[in-house]
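Each in structure tokens, the structures are laid out below.
Each of the next two complexes has chain A plus one more chain, namely chain B in the first and chain C in the second.
Moving on, here comes the complex of A and B:
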């Protein structure tokens, strides 16, 4: 029992990341009808927003401290980040410590801008082209974005720690009445899960309870009719592209402490997110979220030693196996709608 | 001749001549000159031209003719490599055992994957093939380590059986004693030409499979595949089941990929799982599209183009750039070098990505279409010049 709970918990954070990326992919797909292979790159850019902000906050100037000397007897140079200089020791170091959560605020406008530029500058011209062309051009874009990041940040992963408060793990088992030290779960992963739940909830609420969301949903169902009613649906879809980019970016920002960002993390997640979208059903938002968590949890179950000894290697391929089975038995995915991307 | 019409025959003859004389053509600059770094006439690169040419020709048979965009072709490349290295380990270094096996195993592999993936089309097909390829890659890295030797990569060890190994046999890949990596160097004046056994082996095979692909393009089977691309529903209504045809195309194209993988292992007796990664599948997609999907020469051009510039670009560094732009005033020189810097050396992928986006956006037919457009433009300007000349006397 405890092992099962532990695996479900382990699956949640990865599942959250899958769900967030898949949600963005589905939003773009459902509104604009474009298969965006560059979505993983947006996730990566998000993670690098966190890296950039923590680097910016750590910008420091050097002063010579006459009271201290280094091992050669020279006066020691002390680096003081500007933030500490401006806000004082306590506030300043707290700001540096909270770089990753602060990066959420920092990344939203950036990601929305990136999304707008991508849509207006490139993807707009591909609505009328074949899906194969859309895949190819966004694939090219993904390579370009990835290489740009590599040019500026190098090829090595950059560790970006979470705030000190969330470091370490807590004993989840004792809360449920299990023995201590059986179910241990890092705080940050729990934060990640709640954060993604909030973002997913926010996106759904935005689509469900605002007029803007209602128009977008109407546009997803029948773009032409909404256009004939005199609504500028293209503009709204562009905004939705920005929102989708922001969702992917946020997923990336918060993922930075879990896995040090490197330039190809987007590609690694992209392949899986596509599988998630297909399993959930093309164009179905709840499907994407459901499939994201489902596959995340299945993956962590498959990496249990008991299961690995039954079927060796299952942890490596479980997601793909599930995807193949689902595609062959339920071609529309778990919650796919009729008429959306049938072929 | 050979069942080809005159135009195709000319194309085949041109390709044959170019392939056989590649060591000369690709080596236009004298060895000691400053331009020698642009020479491509050395064995390793020429082998790559031929092998990736085969890979791209095979991919084009699927994507160019049927329009099914597979993102998992690297899996077959890997399977081909592993088969050949296993034959080295079990029998001996003669490639004659491994290559047919590579074609057969990758064919079977393609049949299995194709049978499942071909049930869906469009984006679903791409994702299914991608999923299968990633699955093979992950398996090759983890559970299948006894077969694939995991991260180290499969290679021949001293204690391998090698039952057919003769006493005087070469200890590197060869074809009945013709050692692949041995080459003859011929110096003519300032030039030095390298004739490598391995390259000619790959080159001859490339010509054969190119001929085969022309035949497939022109056959009723090829027509059928193109019909599937243009309108699958109509095909179904005329009473034809498209799936056997697309599946056959997938298997043939998988066998081409397996052959290419086998040849890679024939040139260098190693096989690693990274050959199966989806970036490798992406590369062949890039080659085919860049050259021109659905055309005969396109994939070969694309493969040659990418492999050549990959090699050249990684050699250029800032010092070379400074030499080139030395004629500019100093400030401007530094600025130009600064502008170009991100695109050279390690930045080759950036250049490739941008180039690829430009091609997909503005030139969907690839380099071949670009060539045709230029040819048409020249023709038009000529006609323009001709027309007034004809009308003038009438006035």
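Moving on, here comes the complex of A and C:
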């Protein structure tokens, strides 16, 4: 029982990342009809927003400490962040420590701008092209973006820790009556799960309860009719591209403390997120979220020693096996709609 | 009216023979025109540096390349000479190799076996490289070593830690300066037993490929010999990025030590995940829970950040060593590039120097002569103390470093500290040791 609870918890944070990325993918596909293979790169850029803010907050001036030497035997240059100089040790250190949460505010305008430039500058030229063309151009764009990041930040992962208050784990098992250390869960992963739930809830509320969202939903259902009513649906869809980019970026920002960001992290999530979208049903936002959590949890279960001893290698293929089974039994995915991506 | 004897079948046969002749790689035909593959004929000789320039190990590859360029500079008489001044062999004069100016070409392994073979092949066939050096993966090293054996050039391996490189996959044309999994185990086990006690239960997470398997086997054998018990060994896919589902069951397994047989991004992520789960804050079986990373690198330690603090591992070499060779190399490298060299940079630099020295002592670039000069070669002054290139398997035997993540690093390079320099005698093993069995060195191929 404890192992099952443990793997469900593990699946929740993994599923949170899948769900957030798949939600953005589905938003773009549902509104603009574009299969955006650069979406993983947006997730990666979000994580690097956290890295960038952390580096900005650590911008330092150098003073020479004659009592210490560097690796060449020269007097050591000691770096002091400007933030600490300006705000004092306690406040300055606290600001640096909270770089990742602060990066949420930092990343939203950046990601919306990146999304806007991406859509207006490149992707809009491929709206009326085949899906294969869209996949090729967005995949190429993803590679360009990751190489740009690698050029500026290098190939090595960059540690971007969570605030000290969220370090370590809490003993979830003792709350449920289990022995100590049986079910432990890191604080930050719990934060990530709740953060994802808030973002997902926010996107749904925005689409459901605002006039803008209502128009977007109407456009997703029947673009031509909405256009005939004199509404500039293209403009709204462009804004939705920015929103989807921001969602992916936020997912990346908050993921930075879980695994040190590197230029390739978007690609690591991209294929899995596409499987999530397909399993959830093309164009279905609730389907993307449901499939994200479902596949995240199943992936965690497949990593259990008991399961791996029965079916070696199952942890590497479980998502694809489930995708095959679901597509065979429900060709439109879990919550797919008739007519989406069907000729 | 003239009549030719040309028939359709004749044309096809002629075409097929001509096509096969054109398609036949020059690698197999060069020997007819020269004594050995890529015999230098002009005033220069070309070395091939095959390192990851793209992909996840690109930073490590760039550091290897910096060291290789520095070695070429020193061989040609530039700079301050670096380790040439401390090397026990005095065959190198700073006038190139055998009087020929040293030039180099580079290839990108991408840390993929097929790409590494393709880039090595291109450097040998198109650029005339007479030796291939570098790399940051055992899978790549084994693949390129096989190619060099067939092509008739010497392969001086870079960072490769799998026992198989000089074990079951050893080749007569291949030479490894870097240490291996067995040596890590032999060096680490006594230190671990001393630091954490002999009554420990270890849980291994192991990257599912040749390096991970041999390292796990080596560490488990060495720690079990000290009294530890191996509770479990879980193979993790190389493509894994989140290890939480593998780490979560560890505390519930009765283990009080987690051994991470991971390297590169895998290691950074698995260690970060283990720290997030608070493993090192726990007490299990009445003992503090500990984490061990058997193979460290400076770049990995930097990637893992504060998570490496207090974690024990091993290295081939470290810039903090205070012997004359290490100091000379760190000074040359640091003044040229503004940073201390990594242990992969060190091994690539030393391998280039050792190759050049062997050519000088052999008086030829013929790979069979060079191999003979390297076999059984005893040397010193290259940063690892007295070292032997054993003839039986082309493995270097030297001191091994046991490292520990530094608690209060003073700068970005100050992430690890040397806990112990394990003497060479403690990490030596017989050529027919079971962990290295199954291979055949074969005979040298000059092309």
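Observations on the model:
As a convention for this text, the second predicted complex is superposed on the first by the 327 of 343 C-alpha atoms of A that agree within 3 Å, B and C clash if a C-alpha of one lies under 4 Å from a C-alpha of the other, contacts with A are read in each partner's own complex, and residues count from 1 in each chain.
The definition used in the following text is that a contact is a pair of C-beta atoms (placed from the backbone, for glycine too) under 8 Å apart; a residue touches a chain by one contact, two chains touch by 3 or more.
Please read all numbers here as calculations on a predicted model, not as lab measurements.
In the superposition on chain A, A:72 contacts chain C only, with no contact to chain B. Legend: residue contacts after superposition of the two complexes on their common chain; A:316 is shown touching both chain B and chain C. When the shared chain is aligned, chain C comes close enough to touch A:158, but chain B does not.
Of the two partner chains placed around the shared chain by superposition, neither chain B nor chain C is touched by A:88. Once the two complexes are overlaid on the shared chain, A:137 sits against chain B while remaining clear of chain C. By the touch criterion stated above, A:201 is placed in contact with neither chain B nor chain C. Of the two partner chains placed by superposition, only chain B is touched by A:267; chain C is not. Touching more residues of chain A than its counterpart among chain B and chain C is C. Put simply, chain A uses residues 316 to touch chain B in one complex and chain C in the other.
The touching residues of chain A, counted against chain C in their complex, run 2-3, 6-7, 9-11, 13-14, 68, 70-72, 76, 79, 150, 154-159, 161, 167-169, 181-182, 184-186, 188-189, 257-260, 262, 264-265, 268, 299-300, 303-305, 308, 315-316. Chain C makes touch with chain A in their complex at residues 54-60, 232, 234, 237, 239, 241-242, 244-246, 248-249, 251-252, 265, 268-269, 272-273, 276-278, 281-282, 284, 299, 302-307, 319-320, 330-331, 334-335, 340, 410-411, 413. If you check the complex, the residues on chain B that touch chain A are 67, 69, 116, 119-124, 126-128, 130-132, 134-135, 138-139, 141-144, 278-279, 282, 285, 289, 342, 347, 349-350, 352-354, 356-357, 360-361, 364. Here chain A touches chain B in the complex through residues 35, 122, 125, 131-133, 135-137, 139-144, 146-148, 151, 267, 271, 274-275, 278, 282, 312-313, 316-317, 320-321, 323-324, 327-328, 331, 341, 343, going by the rule given at the top.
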